[in-house]
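Next up: some structures, all given as structure tokens.
Below are two complexes that have chain A in common, paired first with chain B and then with chain C.
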Partner chain A sequence: MNLFKDAGHLFRFAGLFVIAFIAFLVIRGYVVPKSFGKYGHYRAAAIDEIAALPIKYAGHQACETCHTDIATVKGKGMHAHVNCEACHGALAAHANDPASVQPVKPDTAVLCVRCHSASAARPKNFPQIDAAEHSNGVPCETCHNPHSPAIDAGGAK
Partner chain B sequence: MSGVEGYMYPNEITLFWSVLIVLYPYITGLVAGAFILASLERIFRVEAVKPTYRLALLTALAFLLDAPLPLQLHLGHPERSPEMYFTPHSTSAMAMFGYVYLWYLMAVLVFEIWLDYRRDIVLKSQQTRGLLRLVYKIMTLGSTNISERALAIDEKAGWIVTLIGIPSAFLLHGYVGFIFGSIKANPWWSSPLMPVVFIFSAMVSGIAGVMLLYMALTKMRGQTIDMRCVDTIAMYMFYIFIIDFSLEMLDLVHRIYEADESFRSLNFMVHTKLFFSQIVVQILLGTLLPLILLFLTQVVKMSEKARKRIYTFSGIMILISVFAMRWNVVIGGQLFSKSFLGYTTYKMTLATREGLLAAIALTILPFLFLWVLLKLLPPWDHEKAHAPAAGD
Partner chain C sequence: MNISRRHLLILLPTAAVAWKSVLAGTPEESPNYKMTEHWWGMLIDIPKCIGCGNCVRACATENNVPEGHFRTWVEQYHVTDWNLTNPEVISPDGGKEGFPAVKEDPNGKYFFVPKLCNHCADSPCTQVCPVGATFITPDGVVLVDPKYCLGCAYCVQACPYGCRYIHPEKRVADKCTLCYHRITKGLTTACCENCPTGARQLVDLKNPNDPIHEFLRTHSVQILKPQMATGAKVFYNGLDGSVR
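And then the complex of A and B:
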């Protein structure tokens, strides 16, 4: 019994740990979302929340329904597999209401160099240019048709 | 692009880990080192370093309280950091470390300090007045039992806690090296030697830090510096520094001999961008110079004044060297491209969340913590109370 009396303060310190642990469990019970861990190490309800977000991209099939002329040109050129919205941006709003939502035409002087400025990280056979040397600020579409850009393929304007 | 040479991938141009991430392993290293110095007296019975025992513990606590702050400032959403505790992922080294940090803070440092100071705390709770009395009363946890038997139990418990504390201190700092060493995509970091090098450099910096603090505080209090104590600390610092330097050289020789695909790029970086911080500051001025000076104090008979000056100078150089080592690891690891074809530049900001001023403030802050701790729990009262009884 004497040991317990003289070591009593150690139990008090241990008690602090027990209180801290209980407080931790209580706080954890409040702050961890209920659906956490249902499928994995994340909040399961997040899936429904993300699914409920409005759709922003229409998909190239939607574009091609109306813009058949461009789809034909594009389908024969080097950009055949580049999705419409990769350059024009998300346009679900335009596809749903073509009359009132008009997309802004991209500035080719800025847009094209995103992919075609010379870089050691790009494959050697990928068309690359030094914009200042190649066109000196003149928009690319002056010479190239963005939907079928190769000049010798009849894409030149 | 300014500051970029050769080819960098776009996400490599700006450094994401700033000076605060340099500061973080530096501070935890000081904690681990200070604790190892305290354990020298407690576990290994190196009686000569006794005057620094309590100071080392308080220093470790002051720096440990400061340690997570650089990380908090670095986080985009610091308010989310407790989630690491609430929903820890078992594959996250950082999440597991959160528990190591808490364990080390509460079960090791605070507990050991409380056990060692319990007698003083109880006496102060009876002698002081006002708010201070209330603070001490809370710190006694309602137990005023300072009978010989109770203190003997404290002594034994403290010994066990220190014994557990040594691997905990190694774990605390070894983890920091582990985080870097296990990033296999970065050849500058990916090395199993990284945790070991971090631990040894931490021990050297912590010991140097406490030695300098002890010398400065003793001088400020108008007391004489216990040269037997400082000589012993310097001796241990010298030995551990030799091991630390050998390990770093072993890592270097291994890299040179292995000469993998990253070697040419890293070698170029060390000779250019990191030349000043690594070759000049870390190795020549911060390691070889103090090693030679400390070696001289071991083999040449010197006056007390000369030894004090050498210890002070070496201690400061060691602190700078270990900081440079952290800098070279953290910043150096982000300066080269993973394509091995280019290099970027770290541009430190001034008055931003992760800028120079924040780093300076977080370096000063642990000294404020220490000042409060020294006021609350003076490490020297113990000496006065026990010196005559010990018959020294």
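And then the complex of A and C:
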């Protein structure tokens, strides 16, 4: 008695299955990125792609390498821990090419009150003013040096 | 089309060079940065936050965050003595342009709470992604792979802190990267760089010299929604119990 007498159609089907499986493995090898699964169930190359995004804020270390005079004045004043770009805006382009990209001088009428306008929600020990009552429209930098704003500390212009 | 042996011999190396350039599309790793040596988080010192919105603007500029969406935002809380668990919370345009001035309330208090992705060690958002498009890096930053993301928004729903959104143009999930492109180059995040009072500080929990260790020992520090066991790594100092 031959068990496999009429089993030809099964072998043909098994052959098809094996071919399909090999095809699956080959396609999978091409489609799945090489770095997938290096650290976990994700594409590890995505980490490097995100790390390679461009920087817009240069960081105060970059500013201080050239603007040492201002860094010294600022370092002694009340604004010692306020970083340059917090007021001057994103300036990585200026740091990379100081000649062709020039920063715009901030408008103190908008800038200073962002932090120093009085509100009960701000911490009590933080210096706050009512702009209209405090200066009556006189620009802040008339009396205060923004880099070292305390008047009695010799910061006045 | 007939290709002679001579033409085939010219074509083969050309094809090889073309294929090489396709493979070379992925950028190189930062040379001096070792992922295994860091475990990033952030410290937020609530009593120092003045609600100026500098962090929100800086984040939007640094990361091209689309208008009306936020990777970080600031909330102003108003908690009254007689209703401690139901604070009134406002965040006009994410606090980008600051907050309207408020008068002292004799029966309550006001304070600001900056929020961002908590870069959870056991994040619910990475668990639900069906395609492996969001993950936590070996240095503890939760990222989205925009090339793999389908935009199904499962993760947006899963985040208990509401820190994710679907990018309106790219149609993929988007979120705070903890300025991964900056911290891997030795810079701090855009929000921390631009915080005028030092209310936000980037911390590296694997760095034994980081002042965070001293700070955590000497202050009463909380995380948001600790009951969800997310392993959040954004630490809040002086956090009010009414904050959710």
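By definition in this document, the second predicted complex is superposed on the first by the 106 of 157 C-alpha atoms of A that agree within 3 Å, B and C clash if a C-alpha of one lies under 4 Å from a C-alpha of the other, contacts with A are read in each partner's own complex, and residues count from 1 in each chain.
We take it that a contact is a pair of C-beta atoms (placed from the backbone, for glycine too) under 8 Å apart; a residue touches a chain by one contact, two chains touch by 3 or more.
This structure is a prediction, so every number in the text was calculated from the model and none was measured.
In the overlay built on the shared chain, the residue A:Arg28 is in contact with chain B alone; chain C does not reach it. Look at A:Leu16: by the touch rule set out above, it reaches chain B but stays clear of chain C. After overlaying the two complexes on the shared chain, residue contacts for A:Arg114 are found with chain C alone; chain B is out of touch. When chain B and chain C are set side by side, the one touching more residues of chain A is C. Contacts of A:Lys5 after superposition: chain B is touched, whereas chain C is not reached.
By the touch criterion defined above, A:Ile129 reaches neither chain B nor chain C. In the superposed model, A:Met78 makes contact with neither chain B nor chain C.
Once the two complexes are overlaid on the shared chain, A:Ala150 sits clear of chain B and of chain C alike. Counting contacts as defined above, chain A residues 36, 41, 119-121 meet chain B in one complex and chain C in the other. The part of chain A that touches chain C in the complex is made up of residues 35-36, 39-43, 45-57, 59-60, 79, 81-83, 85-86, 89-90, 114-115, 117-123, 126. Listing the residues of chain B that touch chain A in their complex gives 7, 9, 82-83, 85-87, 89, 106-107, 111, 114, 118, 140-143, 145, 147, 149-150, 153, 157, 339, 341. Only residues 2-3, 5-10, 12-13, 16-17, 20, 24, 27-28, 31-32, 36-37, 41, 119-121 of chain A touch chain B when the two sit together in their complex. Listing the residues of chain C that touch chain A in their complex gives 26-30, 33, 35, 47-54, 58, 61-62, 76, 78, 98-105, 110-112, 132-138, 143, 145-148, 177, 180-182, 184-185, 187-188, 190, 193-198.
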